[in-house]
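The same chain A turns up in both complexes below, where it pairs with chain B and then with chain C.
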Partner chain A sequence: MNIEQNLQKAEQILAPWNKETTHPELNRLDASLAAENLRPAVTALHAARWGYLSAITGLDLGAESGQMEALYHFCSGPAITTLRVRLPRTGEATLPTIEDIIPPATFFERELHEMLGFKIAGAKSNDRLFISDDWPEDVYPLREDFNIEQATPVEGRHADETPEVGMVGENKFVIPIGPQHPALKEPGHFEFTVDGEVVTGARMRLGYAHRGIEKAAESRNWIQNLYLFERICGICSHTHAYAYSLGVEKLAQVEVPARAQAIRELVAGLERIHSHLLWLGVTAHEAGFDTLFMYSWRDRETVMNLLEQLTGNRVNYSANLLGGVKADVGPEQAKAIKEGLNFLETRIRHYLEVVTTDTMFLNRTRGIGTISYEEAEEFGLLGPTARASGLLRDVRVEAPYGAYHQFPISGVTETNGDLEARCVVRLKELLVSCFALRTILDNLPEGPLTVRMPRKVPAGETVSRVEAPRGELFYYIKSNGGEHPARVHIRTPSLCNWVSVLEKAVGRQLADVPMLIAGMDPCFSCNDRLVTTVGRTGERQTWSWKQLRQHGIEYYKR
Partner chain B sequence: MRIGTMFKDILKSFFTKSSTQLYPVERVAPPERYRGILSYNPSVCTGCTLCVKDCPSDAIELVILDRAAKQYVMKYRMDRCIYCGQCVVNCKPKGIGMSNQEWEHAALDQNFMVYYGKEQDIAKYLEDSAKSPIAETES
Partner chain C sequence: MNINNNQLWVKVIKKVRAWARLNSIWAVHFNSGSCNGCDIEILATLTPRYDVERFGIKLEGSPRHADILIVTGPVTRQARERLLRTYEQMPEPKFVVSVGSCSVSGGVFHGCYNVGGSVDEVIPVDVFIPGCPPRPEAIIDGIIQLLTHLKDGNPRPARKEQIIERGVA
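Here is the complex of A and B:
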C-alpha cells in the first residue's frame, strides 16, 4: 500500500468525527476533532491497526485566540496522521484519557497536564511524573504567559517527603531504587513492591534532571537551538541535532547537498556504534560480567577517537549546521574510519559470540523480561527493544530520511523478545552499521557541504523523525516566521520504552530489575528535558561560587 | 553454552601494553580538527557581529571602538564557551579560529575572561570601562 492510499484509509476511518482535513506537509494528514470524539476516533484507528501513537504535542495558541491545542501524532511508515483537538485556554480544558486504549499515552498525557494544564479526565494516576513536587499548583511552564516569578517553590509540597517505603502491609514491602542508587547510575526513582524476592508492583518517578530545554528553545534563535538540542543527550547528541536540522530545513524549504546528507548518516552510524557498545558495557556490568564491560568500553574508545578525528569532539560533535555539515571526510579520515571499522567489526562478532554462549551471562538474560510481538505493539515500544520482539520499528527502514534513500539500511529483528534478543539485535545492528558506513565511504557523493540558510524560517509546522540508537526520536517544530521557533516538542525513545520495565518487572525476581532497566537502554537526560525547576531569578540558582563554597564548608562542619 | 568466553581476551592482555593513557605523563596529540581555545584576528574583522548573534552560550562580545580604523576588542569568556565552533563557521573573513593545541583550561583562579584585539585597543577599552562604573560589573 502506498503512502497516499494509507492516508486515504486513515481519512476514511476518521470520517465520522472529522471536522476539517488539512495537509500541512507531504505525507501528513491533519484531522480536527472535538474533544468528545477523541476516544472513538483513537479507538477506530487503533482497531484498524493504523500505525502507532508516536507522540502527543501540546500547543498554547496564545491569549489572542484563547485556545490550546493537543496534537495526537499517529505514524504508519512515512505517513503521519495528526488528530487536532482545540480547547479553550481558560477554565477546564479537559481531554478524555486514551491510556486504556494505548498504554504509553499515559506518559504523554501526564506531560500535557503538567506542562500545559490540560485536565485529563479518567486518568488512573495524577501523581507528578516530570515536574518537581514543590512546583506550585496551576502554574504551567509551557503556557505562553508563564512567568518565572510564578514558579516559587511551595513549602510543604516537597520532594523530600518520605515516600511509602518499607513494610507497608502483610507480605508487602516497598523497595525504593533511586534517584541516587548504586545499581542505577542515573536519576530516576522507582518503587518496587516485593513479596519476598518477587516484585508485585512497580511505580516510577522521573524528572530529576529537568532542564527546561523546550521552554528555553523559544527564546533562542534557530542556530543557537541547534547546539541546545545537541546537549539534550550526551550519547545520541548527533541524532538530536540531526532531527532538528532536518525539521528546520524542511520548514525553510532548503535542500541539503547530498554529500552533507551522507556525512550526517556517517556520523549517525558511528554514534550508533559508540552508543550500543556503551550499552553493552552497562548491561554486562549490571549482570556482574565486568570483563565484558571493561573490554567493550576499551573498544568503544576506537569509535570515540574516530568521531573526534572526524568532527573535532568526542561527545557533542557539533557536526551539523543548519543547511549542511561542518566537517568534511577527506581521504585521511576515510582511511582511519575504515581501519577502525575493521577492528570494531571483529570485536563485535566476538561479543556477539560471548553474549550468545557465555553460561553466566545467559543465566541473566535468556528468557528474562520476555516481551511478545503483541505486547511490544501494545506497549508502543520503539527501537531495539521493539525489534528484539520481532516488531520492526526503525525509522531508517520504515520512513527513510536524508541519505537513507541513497544508502539504505536493512532492519534487524529477533523473535525471542528477551534480554538476550535485545543484546543480539543491538550487536547485529552494529554489523549492519559497519557495512553501511563502508558503503558510504566508498560512494561519498561529491559536492558542497552547505547551502545558504535563511535567518528567518517561514511560518509553518513540521514533524521530523529520526532513528536514534534507542529508537524513534520525534521532533515537532512550529515557526511563526521569526528568528525563533514558536514551539519545539521533543519525544525521546526512552519515554516510550519505560512501559517495558514497569510491566515486565512484576512477577520477576528483584535481582532482575537492574537488568530490565538496563535492557531498554534508558536515557534519563533525554527523558528529563522539559521543565525549568527554578530559573535564574529563583533563590536556589543565584548562589554564587563563594556562597556555595561557604555553604559546603558550613555543612560539613556540623 | 560454555563458561569463560572471555578468558582469551584476559590472557592476551597480560602480554600487551595497558590501554589506559597515562595522562599527563603520556600525551597524545589532539586531532587536527579538535576545537580548543578561541583565537581572534582584529585586522580582518569587519565588525558584522554574526559570531556574537549566533553564539549559543553568550560567550563572546565584540566591542567596536572604531570600525574604520579596525579597532575591535573581543571579550571571550572561556568558562561559558561550549566549543561548538559556530562562530568559526559564521566568520566569513576567517578572523576567528579554534586552536587544537591549547585545550588544557584547568586553572586555580576563576578569571576566565580573555580580551582579544590589538594591544593598544584593549588598553584603551579597559581604561574607558574603568572610568564608567556600569561596565565591567560582571566578572
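Here is the complex of A and C:
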C-alpha cells in the first residue's frame, strides 16, 4: 500500500468523528477531533491496526488564542496521522485517558499533564514522573507564560522524596533501585515490590536527568539548538542532531547534498556500532561476565578512534550542520574506516558465537524476559527490543530517510523475544551496518558538503523520525517563522521500552531484574546504595545494587 | 590510651595510611543529570585501553566505601538532594571530582529551568575537569593531579570560596 492509500484509509476510519482534515505534508494527515471523540477514534484506529501511537505532543497556543492542543501521532510506515484535540487553556482542560487501549500512552499522558497541565480523566496513576517532587502544583514549565519564579520549591516537600521502603503487608517488601549506579549511564529510579524472591509489583520514577531542554530550545536559535539537542544523550548524540537537522531542513525546504547525506548515514552507522558494543559490555557485566565486558569495551575503542578521526571528537561529534555536514571523508579516512570495520566484523562474529554458545551466559539470557510478538505490539516496543520479538520496527526500513534511499539497510529480526534474542539481534544488526558502511565508502557521491541555510525558518510544523540505536526517535518541530523554534517535542525510544520492563519484571525472580533492565538497553542507570529485601523467613537484609547483581550471579550458580 | 602525635609509631601509621590511601583510591560515580557523554568516558577510563586500575583506582558501588566522588551533570533539581546524601554518606577524608563542562558551570544546559547550575554550588569540589566530554586522558590527568597533590603532603586543593576570598578568581 502506498502512502496515499494508507492515509486515505486512515481518513475513512476517522470519518465519523472528524471535524476537519488537512494534508500539511505528503505523508501526513491531520484530523481535528473533539475531546469526547478521542477515545472512539483511537479505538477505531487501534482496532483497524493502523500503525502505532508514536508520541503525544502538547502545544500551548498562547494567551491570545486561549487554547492548548494535544497531538496524537500515529505512524504506519512513512505515513503519519495526527489527531488534534483543542481545549481551552484556562480552567479544566480535560482529556480522556487512552492508556487502557494503548499502554505506552501512560507515559505520554503524564508528560502532557506535568508539562502543560492537561488533566487526564481516568488515568490509573498521577504520580510525578518527570518534574521534581518539590515542584508546586499548577505550574507547568512548557506553558508560554512560565517563568522560573513560579517554580519556587514548595515548603515542607523534598525534591526527592524518600520512597516508601519496607513491609507492605504480609511478606511483601518494597525495594528501591536507583538512581545511582556505578556501571551504567543515566539515573532512573525503580521500586520493586517483592514477596520473598518473586517480584510482585514495579513502579518507576524518572526525572533525575530531566533538565528542561524542550523549554530551553524555545529561547535558543536554530543553530544553537543543534548543539543542545546533541547533548540530550551522549550515546546517541548524532541521531538527535540528525533528526533535528532533517526536520529543520524540511521546514526550510533545503535540499541537502548527496555527499552530506551519505556521511550522515556513515556516522550514524559507526555510532550504532559503538552503542551496541557498549550495551553488550554492560549486559555482560550485569550477568557477571566481566571478561566479555572488558573485551567488548576494548574493541569499542576502535570505533571511537574512527569517529574521532572523522569528526574530531569521541563523543558528541557534532558532525551535522543545518544544511549539511562538517566532516569530509578523504581516501585515508576511508581506508582507516575499512580496516577498522574488518577488524570489528571478526570480533562481532566472535561475540555472536559467545552469546549463543556460552552456557553460563545462556543461563542468564535464554528464555528470560520473553516478549511475544503480540505483546511487543501491544506495549508499543521499538528498536531492537521489538525486533527480537519478530516485530520489524525500524524507521530505516519502514520509512527510509536521507541516504537510506540510496544505501538501504535490511531489517534484522529474531523470533524468540528473550534476552538471548535481543543480544543476537543487536549483533546481527552490526554486521548489516558494517556491510552498509562499506557500500557507502565505495560509492560515496561527489559534491559539496553543505548548502546555504536561511537564518529564519519559514513557519510550519513537521515531524521527523530517525532510527536511533535504541529505536525510533521522534521529533516534532514547529516554527513561527522566526529565529527560534516555537516548539520542539522529542520522544526518545527508551520511554516506550520501559513499559516492557515494568510488565515483565512482575512474576520473575529478583535475581533477573538487573538483566531484564539491562536487556532493554534503557538509556538510564539505576541502583541505590540501599536495597532492602526480605527472605521467606522474614529476616531483613540490606543490599546494594552490587550485591543484588551478585545475588543474581550466585542464584544461577545453583 | 594517651596518643601523642609526635610518637614514632603514630607517625609511621599515618604514613602507612596515606600510602595505602593514595595507592588504592576507590571512587563512586554519581550522575546528576548529565547527557551520558561524560559517564561513558569515565567508564572508558576503567576499561582496557586506559585502564586506571593500574593506579589502584577502582569504581565502587557504595559511597560508604569510597574515597572520591566523581560527579557528572549540571545537578538537576531532583538529583540535588541525592547528591548531597551521597556525599554525606562518604567517610572522611573525601574528595570530589567534577567531570565535564556541565558539572563545572552548567555548560550547554545553563539557564534550563530544572538545573541548579554546577556541582560546587551543592558540595565542595576539589578538582574540576572541563570538556564536553573531557577525554579519558584528561580525566586520568585530573585524578592524578589530585593524587600527586596529596602525595606531596599538601592539604586538600583550595575550594572555590577560598579562591574567591583570596581574590584570585
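As a convention for this text, the second predicted complex is superposed on the first by the 513 of 558 C-alpha atoms of A that agree within 3 Å, B and C clash if a C-alpha of one lies under 4 Å from a C-alpha of the other, contacts with A are read in each partner's own complex, and residues count from 1 in each chain.
The working rule: a contact is a pair of C-beta atoms (placed from the backbone, for glycine too) under 8 Å apart; a residue touches a chain by one contact, two chains touch by 3 or more.
A quick note: this is a predicted structure, and the numbers were derived from the prediction, not measured.
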For A:Gly212, select first, second, both or neither according to whether it touches chain B, chain C, the two together, or no partner. second
With both complexes overlaid on chain A, does A:Leu310 touch chain B (first), chain C (second), both or neither? first
After lining up the shared chain so the two structures overlap, which partner does A:Glu301 touch, if you call chain B first and chain C second: first, second, both or neither? both
When both partners are placed on the shared chain, which of chain B and chain C touches more of chain A: C
Partner chain in contact with A:Asp134 - chain B first, chain C second, else both or neither: second
Contacts for A:Lys326 in the overlay, against chain B (first) and chain C (second): which applies, first, second, both or neither? first
Taking the superposition on A as described, I'd like to know which of chain B and chain C A:Leu278 touches: first, second, both or neither. second
Now for A:Ile223: first (chain B), second (chain C), both, or neither, which partner does it touch? first
Please indicate which partner A:Ile235 is in contact with in the superposed arrangement: first for chain B, second for chain C, both, or neither. second
Chain A residues where the chain B and chain C footprints coincide 227-228, 231, 298, 301, 316, 545
Contacts from chain C onto chain A in the complex sit at residues 28-41, 43-44, 47-49, 59-64, 73-74, 76-82, 86, 89, 102, 107-109, 111-115, 132-133, 135
Sites on chain A touched by chain C in the complex: 131-135, 141, 146, 148, 151, 158-160, 179-187, 207-213, 215-216, 219, 227-228, 231-235, 237, 278, 281, 293-294, 297-298, 300-301, 304, 314-316, 523, 525, 527, 529, 544-546
Touching chain A in the complex, chain B uses residues 1-3, 5-6, 9-10, 19, 31-35, 53-57, 82-86, 89, 110
Spell out the part of chain A that touches chain B in their complex, as residue ranges. 220-221, 223-228, 230-231, 291-292, 295, 298, 301, 305, 308-313, 316, 318, 321, 326-327, 350, 353-354, 357-362, 545
